[in-house]
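Once you scroll down, you'll see the structures, which are given as structure tokens.
Two complexes, one shared chain (subunit A), two partners (subunit B, subunit C).
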Partner chain A sequence: MKVLVTVKQVATLDDRLDVERAEWDLNSWDAHAAEAALELGDEVVAVTVGGEQAREALLTVLAMGADRAVHITHDGPLDPLATARLLAPVVQREAPDLVLCGAHSADALNGATGVALAALAGLPRMAAVKAIEVADGAATVVREVEGGLVERLRVKLPALFTVQANINEPRYATLRGIRKAASKPLEVIAAEDIRPGAHVVATTVPPKGEGAEMLTGSAGEVAARIATIIKSKVAG
Partner chain B sequence: MDFELSEELRLFQRQVRKWVDKETPKDYARELERHEHDYPFELWDKFTEAGYHGLTVPEEYGGEGGDVLTQMVLARELCRSLGGLSWVWGLTSFAGSKSVGLYGTDEQKERLLPRIANGELRFSIGFTEPDGGTDVLGALKTRGEKVDGGWRISGTKVWCSSAHVADYILLLARTDDDVAKRHQGVSLFLLDAKAEGVEITELRKLGMRAIGSCQVNLRDVFVPDADVLGEPGKAWYMLLPTLNNERMMVGAFCCGILDGVLEDALEYVKQRRAFGRAIGEFQTIQGYITEIALMRDQAELMVYRAANLLNAGKPCHLEASMAKVVASEYAVKAADLGISILGGMGYSADTDMQRYWRDARLWKIGPITNEMARNAIAEQLGLPRSF
Partner chain C sequence: MSGVLVVAEARRGELREVSFELLGAAATLSGPVRVLLVGDAPADALNVPGVEEVLTVASPREHFEPHLQAEAVKQAIARLQPAVVLAPHSLDGLSYAAAVAAELDLGFASDVIAIEDGPAVTRGAYAHRLVARLEFPGKATTVLTVRPGAYEAVAPGGGSARVTPADFAPDESLAAVEHLGYVEPEIAGEDITAANLVLALGRGVPDADTFAELEGVAEAINATVAASRPLVDAGFVSATRQVGQSGRTVKPKVYLALGISGAVQHLAGVRAGTVIAVNTDPAAPIFQAADYGAVADLREVARELPQHFR
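== the complex of A and B ==
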């Protein structure tokens, strides 16, 4: 079975919001999607949209075991629909049996790219799945829905699923895997000129509120302080 | 001049950091370290599963490959959380895979390296003796006598890390007294730690707990010819590259300690409040934090320079010794500042500053004392030999 997994390299920003000094890494939900792809697929293709730093997301998934990768190069911000528009031609060209995406990215938290991609590629989709089983050209997926209910669905393939973090434990890339990744096929495609429908105007740190108390100390000390606070609030 | 890690090393570093944060976080290390005489077999097995024992073992012997820089990256990332427990991996990496890889015969490599890579074999090291460690050759009383098919070895070694759980002890012994210079006539043996005549007792100590440091008494222990490492009588000439590797690894471990100290101190000063504000707003505390960061970056540059030289096959004894001295002194100083920053919490066994301090303190006196390393550095600078 051929599985295509979409991935994103995300930046972890601290209070300084300094992108130049940000730590970049594979979006953790995409690591779960990649692990699921490797467990299910005989052939796994990883695809990303992004600037030079996005290449490392692909190398990480190749090091985990993916067979080849496609880097759609694009500098600058994109909204989910614009990203999906760039991904869709690759999905249509590759014609995979299954497309897997992370449920959302740690930096943007839109949770929309996978869903938009399914619409553009004309694929049935299930969002936020936590288990996938494939048999006889169809997939059975499990989702957790509101109220703690568990939903089990059967979907004919090809289809697109966005996956939750509790679906699996992603493997670590070994040194040998990392070295092999450098020689695996990595196709680079220049993105078409595309304009995002929406763009981020500003990112700011929210103002600090009052009333929070950070508790430090040993477990016993912290527990004693919590007990004191609870007593004072309840008794008060 | 390039100060960046390669793409491959950057990816590897990121994977190791994730692995450490999930598999061996600091509270896990603290718990293991509390049990001074319980060797952490579980930690060994985690390293096996991650493939770390195979690092620097060539792929044709079942290893992960990688060079000295790769080894340094792993050492540093492990030590950021594990501190001295990183030797659970490091000892076999340098005394086993590095030594056998450099000096082993083809037969020894084929027999030992795949088993090292898959975590079957643990190595200890037996150089130091009760009468001295700095003057190893002057104190060397362990003798190897040639017998039919091998050697009979007798003597006493101390500070043999993890010898009580080791399969082999990389052992230094004098095999010829009739020599012009004392560094001639010494040999290296891969001594079976479970052989008849080997008696091992554990020592108690300040830090580096749980890995077990041992005294090893040897009474007529037979070592077959197949387990002599390199040419008999010429061990001292082989030791230098191994010792350089050991010094760099200590330097990398100290960089890891510096990383751990800095991140713990930074986190604490942002949260802890005094006189109505976070203590990180006080100038003295900021000065301490800055000092730790300055030391961390200096140590890092020196360790990576030495490793780059060794990778390139260039002389690096001077640079490896310098890196070891600077990194170990900074690691202890940083952990000490960390204790000052955290105050009572820094002294508490429920936080890591005291553990970093106790573990790093070893590396100022071992595997070579910084005083002796300074003598060696002075000699490399052209001054008369002082020892």
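== the complex of A and C ==
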């Protein structure tokens, strides 16, 4: 079975909250999607959209065991619909049996790109699944909905699923895997002009002051304050 | 293009609370408010003051099916020409809202926490360390998924809207997902949703021994133990005690969060009177959501608690 996995290199800000000095890593949800792809597929293709740093996400997934990768190069911000529009032609060209995406990216937390991609590529989809089994050309998937309720569903392949972090434990790349990754095929495609679904007009540090009243002092003093608050709020 | 289309959410014949939160959000925007309900649920409850029309669409499937839902929303957009479509940023919403926007080339933003006319919206950025303001120039219609809890729910019913079956319905041939069944959560032991005092434990709890020690603290202070997802995934505690979007929603008088960073998915399940957070990371988002916070080692603080409750 051929599985295509979409991945993203995500930005993490430290306390300076400076976007220019962000740390970049493979999105953790995408690591789970890659693991699921490697478990289910005998051919795994990883695809990303982004600037030069996004290549690292592909190298990570190649080192985990993916067979080849496609880097759609694009600098600058992207919204989920624009990303999906760039990914869709590659998905259609590759015609995989299964497309897996992380349910969210850890930085943008849109939870939207995979489902938009499915719509544009003409694939059935279900978001946020925590288990996938494939048999007889169909996938049986499990998703959790609100309140702890679990739903079991069946979807004929080809299909696209976005996966939750509890679907599996991603493997680490071995040294051998990392060495092999460098020689695996990595195709580079320049992004076309795309229509965004939204424009970010400002990104700001959230206003402070609405946050918590901070309790200071020793652990014993903090505990005493907490106990007083609990007793005053919880009658009986 | 004018007004707001609210896409209500129902599960197993019952409207979900977030539907009434969307009505609360719609009431803050200009233009007529219309409501779409797909499937069988008490539509009259959606007829709240200010709503012009409630359209009900019969679904060929008993349970949520994302492709039928998307098609019904697309048909409603074509019929009603709304400027803004509000859908829940719920687990069902994740499976159809972005698809509708992508297929129709509409404006789109997800997990929004504030909406103004225009529309212009506010949502988190960089894991909610920053906030972004988004606009949708050139888009006649914009689909927005609204974070559960971001708006106050309005009381059901009491409106003067028409409640009418729509003259459109998605064709069953579009259904691609077959519902096999629900597995009920096992409510073993205490029901965390009924607790007045919840001791919520998160990733900051390093191991099972510490977890067991903190269960002892909970018993000593008469609190009910709940947990965030990482501890459930690690097997420390059953999923019935998971608080969050895919877990349960708790409404205690006091929510004492130890070692919980405060991810949005977790906070979606917290509707507490007072939130107290203890975390070693001073930048943890939980401190923005909490009423009281302490940057401290959760074990050191927890060990000092029982003596005050003897």
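Some notes on this structure:
Simple rule for what comes next: the second predicted complex is superposed on the first by the 208 of 236 C-alpha atoms of A that agree within 3 Å, B and C clash if a C-alpha of one lies under 4 Å from a C-alpha of the other, contacts with A are read in each partner's own complex, and residues count from 1 in each chain.
One rule holds for everything that comes next: a residue touches a chain if its C-beta (ideal position, glycine included) is under 8 Å from a C-beta of that chain, and two chains touch if they have at least 3 such contacts.
Keep in mind that what you see is a predicted model, and the values were worked out from it rather than measured.
After overlaying the two complexes on the shared chain, residue contacts for A:176 are found with subunit B alone; subunit C is out of touch. In the overlay built on the shared chain, the residue A:227 is in contact with subunit C alone; subunit B does not reach it.
Of the two partner chains, subunit C is the only one touched by A:12; subunit B is not. Within the superposed three-chain model, A:214 lies in touch with subunit B and with subunit C [touch as defined at top]. In the superposed pair of complexes, A:198 makes contact with subunit C only, with no contact to subunit B.
Touched residues of subunit A were counted for both subunit B and subunit C, and C has more of them.
By the touch criterion defined above, A:93 lies against neither subunit B nor subunit C after alignment on the C-alpha atoms of chain A. Judged by the touch definition given at the top, the superposed model places A:206 against subunit C, while subunit B stays out of reach. Of the residues of subunit A, those at positions 214, 216, 219 touch subunit B in one of the two structures and subunit C in the other. Subunit C makes touch with subunit A in their complex at residues 11, 16, 63, 66-67, 70, 89-92, 94-103, 105-111, 120, 124-137, 139, 142, 145, 176-185, 196-197, 221, 229, 232-233, 239-240, 242, 245-249, 253-254, 256, 264, 273-278, 282-283, 287-297, 300-305, 308-309. Interface residues of subunit B facing subunit A in the complex, by the touch rule stated above, are 7-8, 10-12, 14-15, 18-19, 50-51, 55, 59, 64-66, 70, 268, 271-273, 345, 348, 350.
Per the touch definition, subunit A reaches subunit B in the complex via residues 25, 56, 59-60, 63, 172-176, 178-179, 181-182, 214, 216-219. The part of subunit A that touches subunit C in the complex is made up of residues 11-13, 15, 17, 19, 22, 79-81, 84-85, 103, 106-113, 115-120, 124-128, 140, 143-156, 159, 162, 164-166, 195, 197-206, 210-216, 219-220, 222-231, 233-235.
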